[in-house]
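Each of the next two complexes has subunit A plus one other chain: subunit B in the first, subunit C in the second.
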Partner chain A sequence: MTTKLLHAVVSGVLGGGVYALMAVGLTLIFGVLDIINIAQGIMVILGAYLSYALSVHLHIGLFVGLLITVPAMFIIGVAVQWLFIRPLSGRDRTSMSLLACYAVAIIIEGVLYWAFGPNYVILTASYITSSVHVFGFYLPYIYLYGFAMAVALVVALYGMLYRTKFGRAVRATMQDRTAALLVGINVNRVAALTFGIGVAVTAVGGMVYGATSSGFNPNSGYDLISRLLAIIILGGLGSIGGALAASVLMLTLESIVDIWSPTWAVAVFYAALVLVLTIRPAGLFGRQAVRAQ
Partner chain B sequence: MRTLNTTLGRAGGVAIVLAVCVVFPLVFTNQQAATIGIDTLIFVAAAVAWNIFSGYSGYISLGHAVFFGSGAYAAGIAARDWHVTGGAEFALLPLGAAVAAVIAVPFGLIALRVRRHTFVVITIAVFFIFQLMALNFSFTNGTTGLNAPFLLWSPVTFDDRFFYVALVIAAGSVALSWLIRGSKFGLQLRAIRDDEDRARGLGVRALRVKLTAFVISGAITGLIGALWFFFIAEVLPQTGFDPIFDLTVALMAFLGGLGTVAGPVIGALILEPAQQYLTQRVTNDYLSQILLGGVFLLVILLLPRGLIPTASEKIRSRGARRRDAAGLAPPGHTPAGEPPAGPPARHAAGQSPKGRSR
Partner chain C sequence: MMSQHARMIALAAAAAVATATVAGCGSSSTSSSPSATSPKAAGPIVVGASLSLTGDFSADGQAFERGYQLWQHDVNAAGGILGRQVKLIVLNDASSPTQVVSNYDKLISTDHVNLTFGPFSSLLTTPASAVAARNGLAFIEGAGGAPSVFTTPANEQAHNVFDVSLPIQDEMVPFANWIKSLPASKRPKSAAYPMAQDPFADPPVQLTQQTLHQAGITTVYSKIFPAEVPDYTPAANNVAASGAQIIVLGSTDVPTVGAFIKAFQQQHYTPKIFIAAAGPDQGAAFTSAVGAGNANGMMVPNAWYGGSPNPQSQKMVAEYIAKYGGTASDVNADVAEAYAVGQVAAQAVKATGGTDNKKIISYLHSGTTLTSVQGSVKFDSLGRNGAATTYIFQWQNGKFVQVLPVGAAGSVKILNPKPGWVG
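What follows is the complex of A and B.
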């Protein structure tokens, strides 16, 4: 029992690292652009399929393939922002942008179905099937690699946000768009790049997700986005630290419940979300301002 | 005089649309046309119901499939357990509405505490909880879903009954939507849409008003879900609780004009037949999905306010220009620059309770 619990906690923390990466992208986009990218889930799946296509058809390793998929997803993100999000304006911008992202998600899903069909696929590599033996249980290497990479990327994102000039511009835009504009920050450029970065991390998230899940198909995006949304709302919209904490918390909780009932483990996410929001509408780490908007 | 003409014109338009609907099954007797007709009416009612809450209050719900699926499942479970069949099936429709209304209360109490993005996200989260429940509970039959009892009606009258029931529900929802829009309740809803804090300050009981609209909207959607179930004769977790449904009703309302009475009707009348036609013609399901997304993006980018507000604005400004040209406001009498600015401003002010102020 204790071993099982320990195992659940470890795999929860490792999985949480990967979700943290995707959730940080989402919450960053929200903070800067004041929109929620509903398409983030399907973009993760798109990233996974890109890795899949590269490894199956061109025999490019999963980690090497990231050198191609990350820039590709970045370009897709910038394009989506430039074409569909930037032109929106006026009072209904919030709901419009949500619907625009939803429409983009529907299109990507349709294209993926068309290209790859509805069958579940998995990413395969030697380090996915082989595992390392620590403290009495086996951990596939991919979990460790994925977690390490996720942590490195989250640290890099943090460094970019708090140590570079561009990061300062991003944070300024998050705090007050108009003031940022007044001090000479090119807000449109910041918005496009942030959207690109937020989407680019889904290439990494998608690769690890595709390698660690039991299989994915174009429909998996819905499950993923609902979890990611639960995570960023729980952590407080726009709070990067909150997204990190909530991912690890939720994934650990899920894998603990999974010991008793695998079918209901997913429901933990939403149950926790509903519970937290009835007590604290701004989320665990959110600013109260989220509600007043 | 103008308003009388407009009212008469509108009443005439409604009468014509209703008349066309009533004779539709008599003219088009083949099954494909009947299916398209019934589906369209179902979506007219669903889009109007969605608009009663989301259009008037400005809270965009992407979880209305919760009500649709709950209505369908409630009717299905009741028909299975109580062995209801034949014409008595239609007596179960109110049950679908009631179940959806009961679900809407706690759903609304949780979701309506937050605004904007968070609200949308919570509706999505609740939607997924319901899909998960339909998949995992034993009384919903898991992935196999439920089947409606087989109806021993002749194929000739089969579609007609569904068509007229759907027509009654659709017409009823439109009438309700129109009544709500003109009522004090509707005004309160629109005040919340424009500025919730100010509306509260002026004495609008925001939560109560929002919740009432949510429950009404959910009940109609549940009713429609039950009807849809008996028509399709089957419900699965992924068809009853379908994320595309949420998007489709929202798109219909947006295309026609969010927060107008006729907008969702026109949006549904345009989109649903087009989509059905596509699915019957184009065998590639994915292509129609891609097209739906593409149309949605185009609508958002090109017609962000919908067909009705854009069109009525065009007509008004043209009418104003014509009156200017006819000499109602001769340029000589007023300082230069006044005449073009005057009439549109007056009309904009007169239109503000109906058209969307930006």
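What follows is the complex of A and C.
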């Protein structure tokens, strides 16, 4: 049983890295724009499909392909913000942005159905199905790479936020949009670039999700979004490190419970969320604390 | 800036939208005929069906649509039924049990269809058939074989459900019998039974578990996992850790099987025997998702396969390949199930001289044996096809072949043990 438990913990931690890659963009966008990008799930799938298309049609490796998919998703993100989010204003902006993002999700889903059809596809590479034997466990390379990328991405985003001029503008906008405007920050530009970055990092999450999942089709994004929302709420809305911590916590918990009851494993995922929010309503790394940093 | 309160309201709204979307209530669209006119005596026979063109069952739903359309094309090319052309209305239920009810309400009340054909999956057939029952319509379907579909109060009263396919409860019996028939020295010692929480997937696996347990095969894993989770890896890892020699997977679709195969590869674990309730019967959709090499040795129960010697099936397969390409092994079993629904309905309409559903229900319960691309069809009092024969199929070097029962016409030698994973 100890071996099983240890294996579950290791699997959960590594799986948490994959979810962190998908969730950081969502929490970053919320932190700056105060909107919930309900299209994040389909954006993940879009990123996976871009990697798939490059891999199958142009024979470009999954990691090399990120050099193309990340900028492509950045442009898509900026375009979505410009076309659908920016025009929204007034008191109903946040709730209307939900509908706008939902519309974006439906549009992208329709395009993907048109382009790729309904059949499930997979990303293939030797490191996806192979694994390394460590301390009696087989650890899949793709999960190890995914976790490493999640940590690197979080560090990079922190570096951007706290070591660059643009990062200062982003944090100022996060703390007080009106005050940021008053000190001369172009908040519209910050919002567009942040949305673009949030979607761009999703390209990485999409590739790793596509490589670790059992297959994906244009509908797969809907199974993800509720989990990603739970992760960013638990981690603390707007907290990038919180997204990583919450992903690891949730997936580890789920993996452990799965030993006894796979049915309850999913329920525990959300039960943990409720429990933590009861004790810490702002999440593990609540936004108030984040904004005070 | 928004207040914390406003943010939480927005978040709740987001969760609600996400939940509604996951439930598949997002969209509905019409394909084929955009609208239906009220039926006239000499007008077309209007057939209505709800299919999962998007959502979790979209791969199966779209394959089913191809089957219905292929049948419609063939029957109209042959002059229609009783000289009347067939008009097919397909609505998209987005894989939602709620939307499927609305769709059949619309098909019956607004489009005034003459006949209702079933959706994909037992999960959707159960609520959909109740709508047809309320309106006195026969509900001929090909993908609702779970025991719970037939024992609803609506069907026990109206007796309107007719499943042209195999009743799923006993579909793995030839497999269990084959295991039992193996000499003790060659018989596997342990088995794992992971099952998706689905009315279709579990009954045959549970029956197999019971049979193999009585045969002395130790159960090392038997758990039900949710059917709709993005990641089956934890459950698959636990199955791999059990080291079972036989895997009997209660799967509903290709991704479920794919997840287990991928996790088994990562864990360097290959069971000697691997059978899944659904997934490997999906033709090219399966091999493209798991890789042709990994499909090798995978088994699945069914009543039909692309290489079936049934002349009606051969004609349908040839037409399908001419239209969509591929090989006989690539044809999804859903296509045959849908096509068979149309064939049975056509025979009932011809026999009763029209589309009076009361007469059709009575005729289909009369004990008459009908024909279809899947073989003979004969309904019992609850609409189960008692004439269907269960076979076990296996992927062997890129071909989908019949392997069980041993000695049955068309059965070839089974590949045992299953070859290792590749790639």
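We take it that the second predicted complex is superposed on the first by the 274 of 293 C-alpha atoms of A that agree within 3 Å, B and C clash if a C-alpha of one lies under 4 Å from a C-alpha of the other, contacts with A are read in each partner's own complex, and residues count from 1 in each chain.
In the analysis below, a contact is a pair of C-beta atoms (placed from the backbone, for glycine too) under 8 Å apart; a residue touches a chain by one contact, two chains touch by 3 or more.
Small disclaimer: the values here were computed from a predicted structure and weren't measured.
Peer 1: Could you tell me whether subunit B and subunit C fit or clash when both sit on subunit A in the superposition?
Peer 2: The answer is clash.
Peer 1: One more residue to check, A:134. First (subunit B), second (subunit C), both or neither?
Peer 2: Touch partners of A:134: none, neither subunit B nor subunit C.
Peer 1: Answer with first, second, both or neither: which of subunit B and subunit C does A:94 touch in the superposed model?
Peer 2: Both partners, subunit B and subunit C.
Peer 1: Go through the superposed model and pick first if A:106 touches only subunit B, second if only subunit C, both, or neither.
Peer 2: It touches subunit B and subunit C both.
Peer 1: Based on the superposed arrangement, let me know which partner A:114 touches: subunit B (first), subunit C (second), both, or neither?
Peer 2: First partner only, subunit B.
Peer 1: Looking at A:263 after the superposition, I want to know if it touches subunit B, subunit C, both of them or none. Which is it: first, second, both, neither?
Peer 2: In the superposed model, A:263 contacts both subunit B and subunit C.
Peer 1: Which partner does A:75 reach: the first (subunit B), the second (subunit C), both, or neither?
Peer 2: The answer is neither, since A:75 touches no partner chain.
Peer 1: Examine A:152 and indicate which partner it touches, taking first as subunit B and second as subunit C; both and neither are also allowed.
Peer 2: In the superposed model, A:152 contacts neither subunit B nor subunit C.
Peer 1: Can A:5 be said to touch subunit B (first), subunit C (second), both, or neither?
Peer 2: Once the two structures are laid over each other on A, A:5 reaches no partner at all.
Peer 1: Applying the touch criterion given at the start, work out whether A:56 contacts subunit B, subunit C, both or neither, answering first, second, both or neither.
Peer 2: Neither partner.
Peer 1: I need the one stretch of subunit B that runs into subunit C once the two models are overlaid. Options are 95-103, 113-121 or 311-319.
Peer 2: 113-121
Peer 1: Output the subunit A positions appearing in both contact lists, the one against subunit B and the one against subunit C.
Peer 2: Correct list for subunit A: 35-36, 38, 94-95, 98, 102, 105-106, 109, 113, 222-223, 225-226, 229, 233, 237, 263, 266.
Peer 1: How about subunit C: which of its residues touch subunit A in the complex?
Peer 2: Per the touch definition, subunit C meets subunit A at residues 1-2, 6-7, 9-11, 13-15, 17-19, 21-22, 24, 26-27, 53-56, 58-59, 61-62, 95, 194, 197, 223-226, 228-235, 237-238, 241, 253-260, 262, 265-268, 284-285, 288-291, 421, 423.
Peer 1: Mind pulling up the subunit A residues that touch subunit B in the complex?
Peer 2: So the residues of subunit A in touch with subunit B come to 30, 35-36, 38, 84, 87-88, 90-92, 94-96, 98-100, 102-107, 109-111, 113-114, 222-223, 225-226, 229-230, 233, 237, 263-264, 266-267, 269-271, 273-274, 277-278, 281, 290-293.
Peer 1: Considering the complex alone, what residue numbers of subunit A touch subunit C?
Peer 2: Contact set of subunit A toward subunit C: 4, 7-8, 11-12, 15, 34-36, 38, 94-95, 98, 102, 105-106, 109, 113, 117-122, 124, 126, 128-131, 138, 140, 176-178, 212-215, 217-220, 222-227, 229, 233, 237, 254-255, 258-259, 261-263, 265-266.
Peer 1: Using the touch definition from the top, list the residues of subunit B that touch subunit A in their complex.
Peer 2: It is residues 58, 60, 62, 110, 113-118, 120-122, 124-126, 128-129, 132-133, 136, 197, 243-244, 247, 250-251, 254, 258, 284-287, 289-290, 292-294, 296-297, 300-301, 304, 358 of subunit B that touch subunit A.
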